[in-house]
Amino acid sequence: MPEIIDQIFVLLKHWLMGYVPSLLKPVVSAILSVVPVLLAFPLLFAITTVLERKGLGRMQNRYGPNRVGPFGFLQPMADGIKSLTKEDIIPRTADHLVHLLAPVVIVIASFLVYAVLPIGRNMVIANLNAGVLFFFAVGSMVELSVFMAGWSSRSKYSLLGAMRAIAQMISYEIPLVLASIVVIMAAGSLSTVTIVNLQATYTGIFPHWYVFTPWGLTGFIIFMIAATAESNRCPFDLPEGESEIIAGYYIEYSGFKFALFFLGEYLGMFATSAMAITLFLGGWAAPFSFLTWIPSYVWFFAKLLALICAFIWIRGTLPRLRMDQLMNFAWKFMLPLSLINIFAAGVWHYMPAGASRWLVVTLVIAVACVLLSRGLRRNQWFHVRTYRFAS
Amino acid sequence: MLGQGILKGLAETARNFFGSYINKDRLTTVQFPEERLPQIEATRDFPFLVYDGTDWDQGMRCVSCQICEKECPPKCIYIVKSADKKPDATGKPQFYPARFDIDISVCMSCQICVEVCPFDAIKMDVDFELSTTDRFGGLLLNKQQLAKSNEYYNKIHPTEAAAVDAALADERAKADAKLRQAAEAKAAAAAAPPTPPAEKTVVQ
Amino acid sequence: MSVLTESTIALSSGPVTDPGASQLLEVSMGPQHPSTHGVFRMDVSLDGEQVVKLKPVFGYLHRNHEKIAENESYLGCMPYTDRLDYICSITNNWAYALAVETLAGIKVPERAEYLRVITGELTRLQNHASLVGFLMQDMGASGTPLMYAFREREKILDLFEALTGARMMCNYMRFGGCRVDAPAGWLQQAQKVIDAFPKFLDEFESLLRTNEILMARTQGVGRVSKELAINAGLTGPMARASGVNYDLRKVDSYGIYDRFSFRVPLGEFGDVYDRYMIRLLEMRESLEILKQAMREIPAGPIMDPGTKIRGFRPKAGEAYGRIEAPKGELGFYLISDGTGNPYRFRVRPPSLINLTVLEDMCLGRNVADIVIILGSVDIVLGEVDR
Amino acid sequence: MNLEAIKSEIEANVPGCRLEIIPNTSPSAQHSLLVDSAHAFTVASFLRDGASVRLDYCSNVTGIDWPLKEISTKTKVKKLVDGVEKDVDEIVKTQTGGYLEAVYHLYSMEQRQGPVILRMRTEDRTDRVHLPSLTPLWRSADFQEREAFDLFGIIFDGHPDLRRLLMWEGFVDHPMRRDYVDPDDYEYEPTAHDEVLKRAKEHQAAEGGL
């Protein structure tokens, strides 16, 4: 029975495909795979906005939205209606075509990457054997969109925002990719399906997730920090910089275009989080062998929600970095650390299994971490100060 | 260690997140139309005119002395003094305001009119739901809209109103005593033979 | 990053003579900008993101307060002072009352002095609390510290409402005392708020005192040397963060401040972090003063019986009265010509004068730094523009 | 701190300056020192750096407008009129004012003393309204002198950036002068006051009707 529930969507698709004439089969098959994704993730976006606002509210000792629908859960509907009915303003001097295309491109790019993400057992739109590569290649289209938006608006703030965004995204793409290389080294495959399948095995009750190795944990943390920067989330939300450059590259957008940017940003965040889950947290695999009866897609979304909650939590706590500090952090800390992490992962593979390789690899990474953070501190002389009082 | 302060901050927000479900003190928000804060007695927003008795027009304490109009810093009070006198709640003939308007779109709720009023006729209200679609007329309150009973005043500012009532009663008692004294003196005077100069004036 | 040339965006009307030359991006920050704390504008010239010129532009909220006051009675000026620095109306009242008292030589009864100290220090608490909240908001902390600060401020505003009848436009003081006495139970209620306040400070400090991002963002940013701070007339926490030991509560000991023991925290570097920390520390000292004042407050009258509030006509002459408002030295300069209206009514606005060094602090910094430097100055446009 | 002592100290050190103590009869007893504008800068820099009281902090700078005012005082004078001694009212007319004044409140942060109040007067209120700027000595005078220029029309010579501060560029008059008349450029709104309504009506008529 759990098998059937686990595979219910796959079986449903096969059953439906039986009624389709063979000529149309490829098209219908594609539609049947794509449409659920196109529905599920925007729905998740709606849920996330409510969760974020309520979560932030509670962290700030407020109630958060609680008027629209039960417990305010219909708030995204109201927001959607609001943004649809708002006036669409295009600045007179803007490049109209590019201004229109930018939000479309960001949404398309964000949706494309879901093609390679395994949502559950046997549930992936396209099992590419270069899936991870595809993910990063398509994901960088977001930068294009951001630049289109910033440039075409012809606003000084949006241009500043776009410049910041480009610099930030390119800098953090490197640690993002380097952090995922350790997994590819371990799995020996670029296919996301293979990577997850390798992690979905158990020793006793414990799974073989890559996060449970020293290099995997480091990789995961680097990946998550870079993902935060990639998706312009606090504390790396400089391109938007609400209090500095107001809304950065989408300052001149209103109405539904603005909502599309919003959607694109969140979809990007889900995608990178989903990639982190796929690479390090075992994808759809259950955390313990005795929990495998729970359907795989439930695990996937549970992990996704957990990561989203972490994002919200961080957003509720931290102030924003400054551009030069952000760059310093990327190039002087993240990049060397991810390179050393690759080295550590290599050492891991060539050492015999046992406590010794744990010790050696942990030591390598810890020493690197301490040295690099000391280097980071040397440039920035900040310290906790004590104060004197006048007599 | 890099990140210690950040972790401390994260712990703090987590504490607040869960604390807001447990500890009611953390949530200062009041769900307004359903929930309301208890009325604070000293609260003030816009002035109103106090009347004694039941008839707002007759019982109005204001005798149109126009001190408040003169003292009002943004000059939002507009008074037209009556030409004649009308008996007030106690029956004593007094001037009354033929027109008494307060433009509450100009009023800045400073309470100076209340402070300078020698007759305790103008007091501060607590009603704040005054929004209207008519920007000019709707926020210009006339005498009738401003008139509120002494009972209402007692309800919104009980301590202050009690003190005012006591002072007024005291004053009235004194005035009555004076009146009685005067009446007695008059009676005494009437009993005595009339003085010639008084008669003279009467004749004239 | 001098990529922002004429060819990418229309910056000025002039033709591009040398496309290779670095050109400046002129950004008008404000008057509608989320971080200018009101309708305040800065004409900023940027080279990339670096500030090469910054000129503050004032006057969007100008209503000529001083002229209005010249046509008002001495009593009628009082509610207008509420609207100067609308966050701390009580200290504005106090400064004006002090100036009139100096002008006319009025003595203030004991209890009124204590009430003034209590309300004044509560005002300082709520001003500093909301300021540090706003500063963190400018730094992009998505409202959490601000909301914590507002949660506490709410409790103090409730106290103000119970005492004066209004939350912000208190109009509480009169020359010769205070308008109303504390109602029954108010002091106990205030004691409760004061006792609970350190908990908020602890919470705030654990949230954002040792935070690495905060320290990296604020330390070394917007430095003002001690010499410049004195010469530019900086006062209040701004000056003390630069190490200038000048607190009017100690220097003038106006009112009864000489009776309380409290310390004056001093910064060393004069940067944004010092200004932030000085405010956090000052709140603790204010709590000390409050504790002592609550303990010692005597019973008695609250108004000088010899002072006529209505139709007040001081003798011809002039006086300058100043107090340590939360934002700095707030002074009122009054000239009387013997009539019922002040002949000249001048406000020395601490926020405006603290902005004198804004350009010096911002030159060579980033756009992101402008915002937090401005936030650390603590301005309220009602006072800057008057 | 004694103003007399400061005065004599300045006179000993700044040759040729004319100083005058303006007494203040009110209970505040904050007397001030009137400095002639030709020597004001030297006097101020002496006060800041040289004097025994080092006035390193300039707290408040402001302008005051004193329009020309005729004060007629009636005095009873005994006079011989037609050989008989009689009390006759004699009206003595004195003129005061007719100048703009800049006032500086100086303090010493070092010695914690003050205020020493410096005053400077322009020659008249129309064209000879120049005064030396003290901004080179105290940066804190920067915005405040600009404000005095804006609102009173005192021109501070030597100010690094003398522009209007609160009113906009292109505004012509100086609103804080006693004889300032509001320009008729408001959008009037109906209020409770007939006077305002009347003015609004006149304004609308002048503008050419509604």
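Chains here go by letter, A, B, C and D, matching the order in which they are written, and residues are numbered from 1 within each.
What we mean here is this: a residue touches a chain if its C-beta (ideal position, glycine included) is under 8 Å from a C-beta of that chain, and two chains touch if they have at least 3 such contacts.
This one's a predicted model, so the numbers in the text were calculated from it and none came from an experiment.
Undergrad: Does B-C or A-C have more contacting C-beta pairs?
TA: A-C
Undergrad: Find the chain most remote from chain C, comparing centres computed as mean CA coordinates.
TA: Using the mean of the C-alpha atoms as each chain's centre, the farthest one from chain C is A.
Undergrad: Per-chain Cα mean versus the mean over all protein Cα atoms: which chain has them closest together?
TA: Smallest centre-to-centre distance to the global C-alpha mean: chain C.
Undergrad: Can you check how far apart chain B and chain C are, centre to centre, with Cα atoms defining each centre and the answer in Å?
TA: Chain centres of chain B and chain C, defined by C-alpha means, are spaced 33 Å apart.
Undergrad: Taking the mean of the C-alpha atoms as each chain's centre, how many Å separate chain A from chain C?
TA: 43
Undergrad: With chain centres defined as C-alpha means, what is the inter-centre distance between chain C and chain D in Å?
TA: Comparing mean C-alpha positions, chain D is 27 Å from chain C.
Undergrad: Could you give the separation in Å between the centres of chain A and chain D, each centre being the mean of its C-alpha atoms?
TA: 65
Undergrad: Enumerate the residues of chain C that touch no fewer than two other chains.
TA: 144, 148, 151, 207-215
Undergrad: Counting only residues that touch at least 2 other chains, which ones in chain D make the list?
TA: Correct list: empty.
Undergrad: Name the residues of chain B that each touch 2 or more other chains.
TA: Chain B, residues with two or more chain partners: 2, 6, 9, 12-13, 16, 26, 28.
Undergrad: How about chain A: which of its residues touch chain B in the complex?
TA: Against chain B, chain A makes touches at 55, 58-63, 313-314, 316-318, 373, 376-377.
Undergrad: For a test of understanding, state which residues of chain C touch chain B in their complex under the given definition.
TA: Touching chain B from chain C are residues 72-73, 75-80, 82-83, 144, 148, 151, 154-155, 158, 161-166, 169, 171, 179-180, 183-184, 203, 206-215, 309-310.
Undergrad: Please name which positions on chain A make contact with chain C in the complex.
TA: 56, 59-62, 93, 151, 154, 156-157, 159-160, 163, 234-235, 237-238, 241-246, 315-325, 380-385, 387-390
Undergrad: In the complex of these two chains, what residues of chain D are touching chain C?
TA: That would be residues 24-28, 30, 32, 56-60, 62, 64, 103, 105, 109, 112, 115, 117, 138-144, 151, 164-168, 175-176, 180 of chain D.
Undergrad: Quick check on the complex: what are the chain C residues that touch chain D?
TA: Where chain C meets chain D, its residues are 58-59, 62, 64, 66-67, 102-105, 228, 230-234, 244, 246, 251, 314-320, 322, 329, 331, 333, 335-336, 344, 346, 348, 352-353, 355-357, 385-386.
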